[in-house]
Amino acid sequence: MNKLILGLPKGSLQESTFAMMRKAGYTISAGSRSYVPRIDDKEIEARLIRAQEISRYVESGMLDLGLTGHDWIVENGSDVVEVGELIYAKQGLRPVRWVLAVPEDSIVQSVQDLQGKRIATEAVGISRQYLERNGVDAEVEFSWGATEVKAPELVDAIIEITETGSSLRANNLRIVETVLESTTRVIAHKKSWEDVWKRSKIEKIVLLLHGALAAETRVLLKMNVQEQDVGAVTRILPSLHAPTLNKLSDSGWYSIESVVKEKIVREIIPELKSAGAQGIIELSLNKVVS
Amino acid sequence: MNKLILGLPKGSLQESTFAMMRKAGYTISAGSRSYVPRIDDKEIEARLIRAQEISRYVESGMLDLGLTGHDWIVENGSDVVEVGELIYAKQGLRPVRWVLAVPEDSIVQSVQDLQGKRIATEAVGISRQYLERNGVDAEVEFSWGATEVKAPELVDAIIEITETGSSLRANNLRIVETVLESTTRVIAHKKSWEDVWKRSKIEKIVLLLHGALAAETRVLLKMNVQEQDVGAVTRILPSLHAPTLNKLSDSGWYSIESVVKEKIVREIIPELKSAGAQGIIELSLNKVVS
Amino acid sequence: MNKLILGLPKGSLQESTFAMMRKAGYTISAGSRSYVPRIDDKEIEARLIRAQEISRYVESGMLDLGLTGHDWIVENGSDVVEVGELIYAKQGLRPVRWVLAVPEDSIVQSVQDLQGKRIATEAVGISRQYLERNGVDAEVEFSWGATEVKAPELVDAIIEITETGSSLRANNLRIVETVLESTTRVIAHKKSWEDVWKRSKIEKIVLLLHGALAAETRVLLKMNVQEQDVGAVTRILPSLHAPTLNKLSDSGWYSIESVVKEKIVREIIPELKSAGAQGIIELSLNKVVS
Amino acid sequence: MNKLILGLPKGSLQESTFAMMRKAGYTISAGSRSYVPRIDDKEIEARLIRAQEISRYVESGMLDLGLTGHDWIVENGSDVVEVGELIYAKQGLRPVRWVLAVPEDSIVQSVQDLQGKRIATEAVGISRQYLERNGVDAEVEFSWGATEVKAPELVDAIIEITETGSSLRANNLRIVETVLESTTRVIAHKKSWEDVWKRSKIEKIVLLLHGALAAETRVLLKMNVQEQDVGAVTRILPSLHAPTLNKLSDSGWYSIESVVKEKIVREIIPELKSAGAQGIIELSLNKVVS
Amino acid sequence: MNKLILGLPKGSLQESTFAMMRKAGYTISAGSRSYVPRIDDKEIEARLIRAQEISRYVESGMLDLGLTGHDWIVENGSDVVEVGELIYAKQGLRPVRWVLAVPEDSIVQSVQDLQGKRIATEAVGISRQYLERNGVDAEVEFSWGATEVKAPELVDAIIEITETGSSLRANNLRIVETVLESTTRVIAHKKSWEDVWKRSKIEKIVLLLHGALAAETRVLLKMNVQEQDVGAVTRILPSLHAPTLNKLSDSGWYSIESVVKEKIVREIIPELKSAGAQGIIELSLNKVVS
Amino acid sequence: MNKLILGLPKGSLQESTFAMMRKAGYTISAGSRSYVPRIDDKEIEARLIRAQEISRYVESGMLDLGLTGHDWIVENGSDVVEVGELIYAKQGLRPVRWVLAVPEDSIVQSVQDLQGKRIATEAVGISRQYLERNGVDAEVEFSWGATEVKAPELVDAIIEITETGSSLRANNLRIVETVLESTTRVIAHKKSWEDVWKRSKIEKIVLLLHGALAAETRVLLKMNVQEQDVGAVTRILPSLHAPTLNKLSDSGWYSIESVVKEKIVREIIPELKSAGAQGIIELSLNKVVS
């Protein structure tokens, strides 16, 4: 039987990744120390592996497919096929940034000022590539964590991941530059991607993941409109997603439906109402596949 | 740039208020000791302030808009514009009552019997207005909390907030009268309400809040009906919200949709089925703007 | 006024049962040590009773209606009317199995090998009936819990409930046979079932429970299709639930809706897309009454 | 090698029993679902078994020694050697009472009034013996728990365990009589008690348990006293435990030490001070073996 | 029977006060919403009342004795007898400070600069007395909590309680002056203090509380010393508490014991060892009554 | 002013290290993300740093003194002065082992069988030194954690830390050999150790830490003995710690005190009693400095 070995990130990203897989339609669960999660698709075998290591095992073929951050693919310099990007509006899969940060009162104003300095980071590979690109010669030391407390006493600067910058601010650090922006990627082993069955299976998984992610940020708006207002109302609804127009049996009324981004709803509902829409309702969506 | 300063209640009402703001379409969050929550609308600056104090700062204009209980507006005697009432079916925003309560075996049977007695309460203003309205002269002392344990040992009666009455019963207290019923109100500073941009912004916020609240207690019912049963089925659906009738391409069948109060669903589903409705489904709603 | 006394299982099944009642449309809640839960239907009085005892009190008429496991009805040998079965996809109401289990290295290979042995179980009645059916004479002792640790030191075999078998494996036990499979049942007192008002009330409750349970495993799929693809697309949708077809005002397009099992969605979405479906969206359902 | 099999109660008494074993000098621990706890004495093998069942397995010799409640020994009618009683001042090992309780407004005033009634209990054996002793014929049904909610709707009376009576009061039940008082007992299998090595081992364990329990309620008081006050001070100290008197090198002063019950300390410290004691200090004790 | 009514602070101070009462020798406990805690002294009836209100009820005689902060006695201006001060090294009963704080960049440098300003505080009485003492006329408004976030937007300054100042710093506030330092006090109703039995009972309670508090910060040091080193060793031990010297039966050796402050132990142990002390041991104390 | 910079391990060892410092006499605390803990000794500045990195910063002189595992000193190959070893009986500071582990059914029986294999570990340095010592050439890859799940699918063997071996067993791994045993060490920077003030300060800290650790596993036994039994009783008490013998004023009785290891108490108490000791009491100790 055909099988696809799928690597999922263990640890801080695990719950958000599992949640996304569930939205995509897979029942998946794992014990707290588990390596082999249960998944209800006989064609998939899942593995829980640290995000830092997934690309390494996709490259060597121990995994056919993996979900991991772009940053760790770069850190490991892994030679893999990137088959999708997963951008998520909520905690977990949203873009993260690796930044160069220094103490508030440091004289460092740009990467050029790091010449001869000492830098602590959990991403030694990314940091060395970055310094090299910028022609800077500095000492990079591996940090086992809590990197943000090390400057200025132990090192001159750090290269660290940040989402909101609040941990950096709390340690009186100033961001100098962004080193790398990273989102979650779906990556495949080269030979798995060339296999007909595996590529088809991978494409289905990616289609469902994208459908689930798209639904996270979209809602269905439904409303009733009299014939003379149809034009005005549809002009307000974003043109990319053509609204569905349906003449009701009650003569003279139309039902309009449209999938729209949730964040514009608060802007357009007052406008739709002014333009004549009645009985406007908003519904949540599980998947959107266009 | 135009800005609206919005006061939200800190403390026990904070989570339910935030939840309602999120349903209305705003992404809002706050640290545990925060005064300035983050909100994703550049035209709004939010502030977290005790529900007891919001009306005071709306009156003085430090806030343009505030969400707070009717009770605290009365307690403070604040001169503000009330622009909306938010009644919510669930914990947090539902009406609360301030009641006069006495020990089970007290001789007090009405407010008149309080003449010369001692009353503990967190709402000294409300209590004094109430006694005055009833022509009763009694001593009112401010209680810092745990008011329900004070009678009969420390005071003769209390005036206290209650939702289910269970805390009063647990302390062997008997409710004599309701002093004040209170719901959450949206209140505006007088000059802000006269400002064209601010009033328009306020009205949009209130429209979305009402839309989110309405959806809390309503669902969408959808069903298929043959032509001859359309009349019988639509007669069961409440008349206020005219159901949407749509002839299906399968000749002879109609699709009927109606937004109904969730609590009548369990009554009407058996009736709808008896009247010929088939494939009845019920869906949740995020917003209902009629 | 007519009243129906309804017994609900206290303890491990309580939360899943309450959740199902809520989905069916009842607001129900109970304190942590409560016997009389609050329910918002004046025609129902609910009681919280151990699942093991409910059938006993339905038989004697202290309860008109009860929700409990088939296993405990058998254990008690109760003479009641079974008016419905509730099978649930998720934790709590899914089928459970009572199994005969022995230590991995036991010589017992079938129930026949138990002759003269000692068996611990929480279900003495079920176990004795099972041994008798199989013509085996063995000693059955009542276990107060933690039965799975008793073999082989204290007993030769156990008859125990299991869902995933993981507790048995963790104790090095091997399943020999299934003794009884059990799902949640709705049972009525015989005379209550003959009472016209009570039977009608019971049937309404069962209809709503079934509607809520059906919705747990189903979703609404909606999509737009051009005229020439309607046949191909509808052939993919399962035939049992005929999809709703509706010609849109935009000439040449149809809207198709279908309630499908959630677990087939991940299979059919790629097929629907290939067959020409566009703007496919998936929505959750609260109830499905066909 | 000689081995003693020791049964300890699993469940609600487990933590207090383990704590007492630790105070006695044994390092003992168990996983949450464990049957075989780890203990640092190679001559002991411990087992975790429900308190209800321990006496049954001590009687049959599967356990040499067990710690369990007197109530369950009676319930099971087990023929075992009782070698010690463990009375503990704190939660867990203190005496418990099984009581006959009825609804506040029941006409039942004594056990005699139960003739022909229905009684729910978790201790069917104790209850039947009690009724028989009193010459009363009543129906006793096994309760799976939550017994206190069953009267008056499902039964007329209950026989239930109670410590403070608060759960009974909360359910509006009135205690009619005490059926049985029970403390924790150390029980031995008859043949184990006759074995020289096992009896000696058991006696050591009991000595240490008693030493640890005695220390729970006692403290060491130490003070300095001038020669002329020695008599007055020692008269205050309880006579059972003769205080240790020691002449200090500082001429004329004596040091007095005494192990006393903790609960009298607050009474005697003011008296000791008045009688001339100085520098009074109180120390905690791990063990007291007199 | 003689009875003493004792008020203990409900809320944040409750657990530390209960812990101190337990160290003093009283078994005391309370449910989470309780007003009447259980205490194992038949001569005492305890009441749980907000720290803010205790002095009010001691003044009026509803309580004979109370434990509360000096700050709230001042705030209420209560006329009571102060019979003891409880200073505690650990969280809960250690001194607290009410401070005047302003935004970091405020021009306010002393209380004099507050003329005509607006101040928020939970202690309106303390604040008004403080301003009056300093001849400053400013507006004081009652704050329901979260006072530290109010400056500078809502008020110019705050008067707020602080222990470490961290909450003030986190809100960018600067301490201008200390308004009041406060420790826990034992206060008595005037007439209760004149009653012979009550005063004697109160004095015993205070003696035990002081004994328990003293033991919190002290330990017993014990060591063996040869005759020639006795002088050197005793000179190191603090002179206030004369060490106990005892000639051992082993000729030439002395045992020395001394109660010392725990915080000097780390300084004197190396010195004692250098001076010839051997077998130095340190023991914890429950009570120290000198 | 003289200052000593002290590095303490952040993370899993932090709480046990803080607890030991507190027993030694230091009040120390830290916020959850803190780098600079508060300590009540003005001559010490503490820093929280990952155990893996402490030896690196002691070597370079950024820290004068550090507490960390022997394993990480070896891993980093740090050139530091080891001034003490801290062996602790309880969780946290007890010895840990790095072991070579392989799947249960692996053919690997000794380190020699690893030739050409792939090994995952968090301690790449220790592993490479170990392989080199044994003349084995194998691939060592850095593991970011969850190493125990990697064999056999991703690697052939792992080198991993273990305390009880339970995590290895749970993953079906077999221990082949111990690679390194490690305890907590106190290490000093070379130049700090040569500084007179710093060395003296370090020696005091180590004395107190050893005193606190010794007390963890010891207790004080005290008993009364008649003259004729003194010899028999003292022979039972371990000879290393000569017991203190003191003639009581009550003629003919002696008080004997001895500090003994806690784990022998349960053996010797029955013997002491048989030999004539009376009123045996056991007390806990905070420090033992011999």
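Which chain is which? They are A, B, C, D, E and F, in the order written, and residues in each are numbered from 1.
The rule is short, and it goes like this: a contact is a pair of C-beta atoms (placed from the backbone, for glycine too) under 8 Å apart; a residue touches a chain by one contact, two chains touch by 3 or more.
Just so you know, these numbers come straight off a predicted model, no measurement behind them.
Undergrad: What is the set of chains touching both chain B and chain D?
TA: Both chain B and chain D are touched by C, E, going by the contact rule given at the top.
Undergrad: Give me the chains shared as neighbours by chain B and chain C.
TA: A
Undergrad: More than half of B-C's contact pairs recur, by residue number, in one of A-F, D-E or B-E. Which one?
TA: D-E
Undergrad: Between 0 and 180 degrees, and as a multiple of 5, what angle does the rotation take that fits chain C onto chain E by Cα atoms?
TA: The rotation relating chain C to chain E comes to 180 degrees.
Undergrad: I want to confirm something about chain D and chain E. Since they are copies of the same sequence, is their interface symmetric in residue numbering (over half shared, so same) or not (under half, so different)?
TA: different
Undergrad: Return the chain whose centre of C-alpha atoms lies at maximal distance from the corresponding centre of chain E.
TA: C
Undergrad: Where the CA atoms of chain C average out and where those of chain D average out, how many Å apart are those spots?
TA: Each chain reduced to its C-alpha mean, chain C and chain D end up 43 Å apart.
Undergrad: Whole-Å distance, chain A centre to chain C centre, using C-alpha means?
TA: Computed value for the inter-centroid distance: 37 Å.
Undergrad: Can you list every residue of chain A that touches 2 or more other chains, as numbers and ranges?
TA: Residue numbers touching two or more other chains: 246, 283-284.
Undergrad: For this entry, which pairs of chains touch?
TA: Applying the touch rule to all chain pairs gives A-B, A-C, A-F, B-C, B-E, C-D, D-E, D-F, E-F.
Undergrad: Which stretch or stretches of chain C touch chain A in the complex?
TA: Residues of chain C touching chain A: 219, 224, 246, 248-250, 255, 262-263, 265-266, 269-270, 273, 278-284.
Undergrad: Which of the residues in chain A come into contact with chain F in the complex?
TA: Within the complex, chain A contacts chain F at residues 10-11, 33-35, 47-50, 52-53, 57, 62, 143-146, 149-150, 153-154, 167, 170-171.
Undergrad: Show me the residue ranges of chain F that touch chain E in the complex, using the header's touch definition.
TA: 24-27, 40-41, 203-204, 207-208, 211, 215, 220, 241-242, 244-247, 254, 259, 283-290
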